[in-house]
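Below you'll find a set of structures to go through.
Next, two complexes with chain A in common: one pairs it with chain B, the other with chain C.
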Partner chain A sequence: MEIRNILILAGKETRESLKNRWFVLYTVSFSVLAVLILSIAPGRNEITGISGYGRTAASLINLVLLFVPLIALITGSISISGERENGTLQYLLSHPVTKAEVFAGKFLGILVPICFSISLGFGLAGIGVALRGGSGDAAEFVLTALLSWLLAASLLSVGFVVSVFSRRASKAIGVAVFLWLLIIVLGDLGIMGTAVAMDLGIKQVFALALLNPAEVFKIASVLVLSPRFEILGPVGVYAVRTFGREGVIFILLSVMAVWTVIPFACAFLTFSIWRREES
Partner chain B sequence: MTKCFLSYLYAIAVLTLSGASVVPAFGTTIRVSPDGPVSSIAEAINSASPGDTISVEGGVYHERIVVDKTLSLTGVNNPVIDGGGTGTVIEIKAPGSALKGFTVRGSGSHLSNEDTGILLDTAGGTLIEGNRLTDVLFGIYIKNSPHTVIRGNTIRGKDVQMTERGDGIRLWYSSGTKIIDNDISVIRDLVIWWSSDTLIKGNVVEEGRYGLHYMSSNHNKFEDNVFRNNYVGGFLMYSVDIQFYRNRFVNNRGVGTGYGIGFKDLDDVVASDNLIIDNRVGIFLDNSPYLVDSWNKISDNVIAFNDIGVSFMPSIRRNAFHENSFVDNDEQVEVRGGGQLAGNEWSSGGSGNYWSDYIGYDENGDGIGEIPYTSESLFESLIDAKPELRIFVFSPVAKAIELASRAFPVIKPEPKLTDEYPRVRSGIPPGLRTGGGEPSAKLIILSLSMVALPLIFYAYMRKS
Partner chain C sequence: MIEIKNVTKSFGKLKAVDSASFRVEKGEAVSLLGSNGAGKSTLIKCILGLLDYSGDIAVGGIRVKDHPKEAKSLIGYLPQEPLFYDMRTLDIVRFFARLRNVDEGRPAEVLDKVGLAEHSSKYASELSGGMRQRLSFAIALLSEPMFLILDEPTSNLDAHARAEFLRLIKDYKENGKTVIFSSHRLDEVDYLADRAVLMKDGRVVVDEEPHRLRQTLGLGTKMNIAVPDEYAALAASALSGAGIIVHGRNGRGFLVEVKGGDSLHPLRELMSRDIPVLGFSVEEPTMENILEGADRDGN
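So, the complex of A and B:
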């Protein structure tokens, strides 16, 4: 496995991503919406000294939760399946590169532009907030962007799993959109329903919430963004009291890392085995 | 009630007695200075007769003082009395005394001994003015001393864990006391025990447990105070006839409490023109009013940017909320344990409250919406009934549930409350919502680099 080959492949993938209409559409809409949300936010509050950013952070988190998983899942899901459908995957693999290099190159080549798009949206919104006099703790702002990168990485991995199992890109997109719905709405809905129906306690609800990478991102963002973890209710207070603020953030980051590494490994193993059978 | 009555009698008795001794300043003045001839305050007190004035020059006096006769102690050029970290620094035991212009520091730190900066014991009608207290366990402790005046003092307690702190100001059977324009921080409570007809005005209380705490103290009033960054802004308990106006309760966020203002077994409250902002819970109502013929009147307040605007314990009745502004609270009204509110009043004479989440219109321009405001959110009903689910707040699922309950009215919950005459304009004072600040250079630089990096990257990728 050569780093140089991975970088060349990643570069090729990135250039293709930048030409991808989905990608451009998502980047532009994410940036526009981020700027809009933060520009209707109130400026520094004279009485409380709270900046506008703190209170609108929730809307920004919501925006990230809707956009980032969607773009990561969809671009991930068409990464391999698209090339397989076009026949370019065979062509690519006929070059003197290993499957590992192709896989890693593709992952990097898609992840990097997604992360830069997130950075673009946050940056534009941040300029807006700063010009209107909101102080918005700069470090927290950057940390939220970094958390969004982690969210993108984990869902891109999941997208790759979809991709290696799909022969056609259209089918892969369908599965990706369903997964998006599952992760963003249906999964949480299921946990809430279970919690009410089975009268689950604090620990169980916390454990179940940890299953969902999007929910993990949200909890981490709230903890990073504001000192008010009690906004998360008894479960949040329980978690912070039991593990400490840093402890909880560590757990949440670990969950996101697991959600990145395991699907990535699964996708890669499947990719290498599958190709061998085909040829 | 007997106790209350007795304390009244006591207050009247002491006032009459102290009135005689406080008025005429007939005594002589004794001068204390580090350079002598009298270099100790205790020595001066020993040689003084009741009614004398003791004038203390600037310098540090390492002593603990007991004022056992009616005297007026005046600090000139900010003298410091240092208790050396044990016991109570100044103890005043004579009615009609005065203590002005001192810095008092270094009390002991034993809660069981109630080590205090300035202790008034049976010293009604005393004036404590313009002192600075630092590193004290209890700040000013007013015991059995009615009609005392505490004005313009700064109190800063010991910066230890909350459980080891003492009260900034404690009133104990001291009716008719006035606490005005003090600046109090890093303490446990400002607490009023068994004292009526007190006035608390223009104080700032920060970084404590209860910014203001009434216990079994009737007919009291507080106004124009600021309670900021405490566990609880004000916790009013077991009292009747409390009025408060124009106070600010801001950012009180203790874990498990975090009330801007909380009522417990509290009757005949009148609360107007207060700003209750950015607390965990704006107003918390527990078993209030307690008496069956009592109503609490809460009007013209701004309850804004709290996690929960007003939180009701189950079956709370007879609270009248009129012409308040409920602005952008994450949850405007919570009913603990779920369900609907009954027996409270949300409008009178055709005028209700302003609700920032009101979806309606004012056709005839009278400032009152034509459609009633109803608080009915499926997600809120869920988290009221099962608080654990609050962890899903801000998640898209919360919005999805609201959308679903609008689309399928079958699963729409019963409204928690209905305001028949919602106001369409808030009473929020100008400057509360927005105010320009300086652009943050750090944020601009970081944001610019967050924008510039991807653009450079895109440009580079295009070229190569």
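So, the complex of A and C:
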């Protein structure tokens, strides 16, 4: 596998993403809403004890949870299926590149613009906080942005899984939107419902939360931002008391890394072995 | 050299390519002939390493199964229907130039060579079918590959664009490069190919020089020869006596079939008997005749 080829392919993918009007709309919407959130979330939150950068970052978490999984899942889902459907994938593979280079190049080339738009939103909000006096810890603000990158990477991997299994881009988008609903909208409800229906203990509920990358991102972000982990509820209290604050953050980061690596590996193996002739 | 040894490719129970074997020597142009579904495109995809297969394919001495990337770097490929990213023409060529690690000046050079220099700022979607074909050819030429593989290169072109395109391929071949192309047109085979490989149901049924292909399949050249009415009976008996198949009369003319490639044989025969010839026309076997011949041979 040649890094040079991966970078060439990633560069092309990034340029195409930045020209894509949906991606531009997404970036503009995310940035505008980030700035709006800044303007309506001033001062210190007495319950969480978060202020300034931290307060803005906490407000951005919900925006990230809404936007980042949606764009990551959709762009991931059409990455391979779209090229396969319009015939350009086979033509690309007739050139001296390997499937691994194409796959890695595509992943990197899509992830970079998503991280760019996240950074733009956080950056504009950060500049706003700085102009207003900038209380709180800027490092926590940056950490939340980095966690958002990880969330994007993990859901992009899931999107790639959808893509390699889909023959048509339209079907892949449908599955991606369904997954987004499942992960974001029904995620909390699912955990609560399962906990009640199966009479789960606090330990099991924490384990269940780790199955949802968006939930993992949410818990990790709150732990990074807030000195008061009690706001996470009994599950958060249990986790912090059992593993310690740093221990939980480490577990959560590891889970997000696993959510990135395992789906990516599954998608790649499917693409290169099982469905290798469907390009 | 490209060496194809006992290559078989199946899709489920269907054998798209069945024990195909042939060699293409350096500097040779070989045409893959056959009707739709004969296995030409599938075989081309096997050579490019895009499909799994049993058997062996070596490109320039490199086994495709073991080193597909290295093998592909020796090949310039033109697909049947060129499809491109929605980018400007020059940007598309630059992208593939980077992948093939060629000089920065090369994209402009190949676009100029195929006559697309003035369209380099257009998006691929704005190009006509012929222009897209030429763009694909420009990309295939980028690294000056040893081997050029063209899958029905002129199928979407009008007569003018086709003639122009064939000239480009001919130039390339005359520079000592090796060309494999699939085609439905016999005139293209005659113009470009040193050898014709005829495929049927995935099998190689004939591997011959184009002019011998007709003989091998027992196909003759048909001629319409017009003689004055008063010589008609004499002409008919002279032609039949010389072993020439007379299919019948058509007005003043005779429709005869000449086998063995000597198209002038009937004319010589008539002239040797002082039978005046008012005119003649020659009708070469068509691709349909060739494919029918292959069907007869195959059955």
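The rule we apply is simple: the second predicted complex is superposed on the first by the 255 of 279 C-alpha atoms of A that agree within 3 Å, B and C clash if a C-alpha of one lies under 4 Å from a C-alpha of the other, contacts with A are read in each partner's own complex, and residues count from 1 in each chain.
By our rule, a residue touches a chain if its C-beta (ideal position, glycine included) is under 8 Å from a C-beta of that chain, and two chains touch if they have at least 3 such contacts.
Predicted model, so just to flag it, every value in this text is computed and none were measured.
Undergrad: Are chain B and chain C a fit on chain A, or do they clash, once the structures share the same frame?
TA: They fit side by side.
Undergrad: When the two structures are overlaid on chain A, which partner does A:98 contact: first (chain B), second (chain C), both, or neither?
TA: It touches chain C, and chain B stays clear.
Undergrad: Which partner chains sit in contact with A:138 here, chain B, chain C, both or neither? Use first/second/both/neither.
TA: A:138: touches chain B, not chain C.
Undergrad: Figure out whether A:251 sits in contact with chain B (first) or chain C (second), or with both, or with neither.
TA: neither
Undergrad: Based on the superposed arrangement, let me know which partner A:262 touches: chain B (first), chain C (second), both, or neither?
TA: neither
Undergrad: Quick one: is A:33 in contact with chain B, with chain C, with both, or with neither? Answer first, second, both or neither.
TA: Neither partner.
Undergrad: If we overlay the two complexes on their shared chain A, which of chain B and chain C does A:108 touch? Say first, second, both or neither.
TA: Neither partner.
Undergrad: After the superposition on A, what does A:8 contact: first (chain B), second (chain C), both or neither?
TA: In the superposition, A:8 contacts chain C only.
Undergrad: If you count the residues of chain A that each partner touches, which comes out higher, chain B or chain C?
TA: Counted on chain A, the partner with more touching residues turns out to be B.
Undergrad: In the superposition described above, what is the shortest C-alpha distance between chain B and chain C in Å? Please give a whole number.
TA: In this superposition, no C-alpha atom of chain B lies closer than 9 Å to one of chain C.
Undergrad: Taking the stated contact definition, name every residue in chain A that is touched by chain B in one complex and by chain C in the other, in rising order.
TA: none
Undergrad: Touching residues of chain B toward chain A in the complex: what are they?
TA: Its residues touching chain A are 248, 250-251, 253, 255-256, 258, 275, 277-278, 280, 305, 307, 328, 330, 382-383, 385-397, 399-401, 431-440, 442-444, 446-455, 457-458, 461-462, 464.
Undergrad: Could you please specify the touching residues of chain A with respect to chain B in the complex?
TA: Within the complex, chain A contacts chain B at residues 11, 14-15, 18, 42-48, 50-52, 55, 58, 61-62, 65-66, 112, 116-117, 119-120, 122-127, 129-136, 138, 141-142, 145, 184-185, 188-189, 191-192, 195-196, 200-202, 205-206, 209, 214-215, 218-219, 222, 227-228, 230-237, 241.
Undergrad: Given the complex with chain A, which residues does chain C contribute to the contact?
TA: 48, 50-52, 68-70, 72-73, 75, 77, 79, 81-87, 95-96, 98-101
Undergrad: Report the residues of chain A in contact with chain C in the complex, numbered from low to high.
TA: 4-5, 8-9, 12, 16, 86-88, 90-91, 93-98, 276-277, 279
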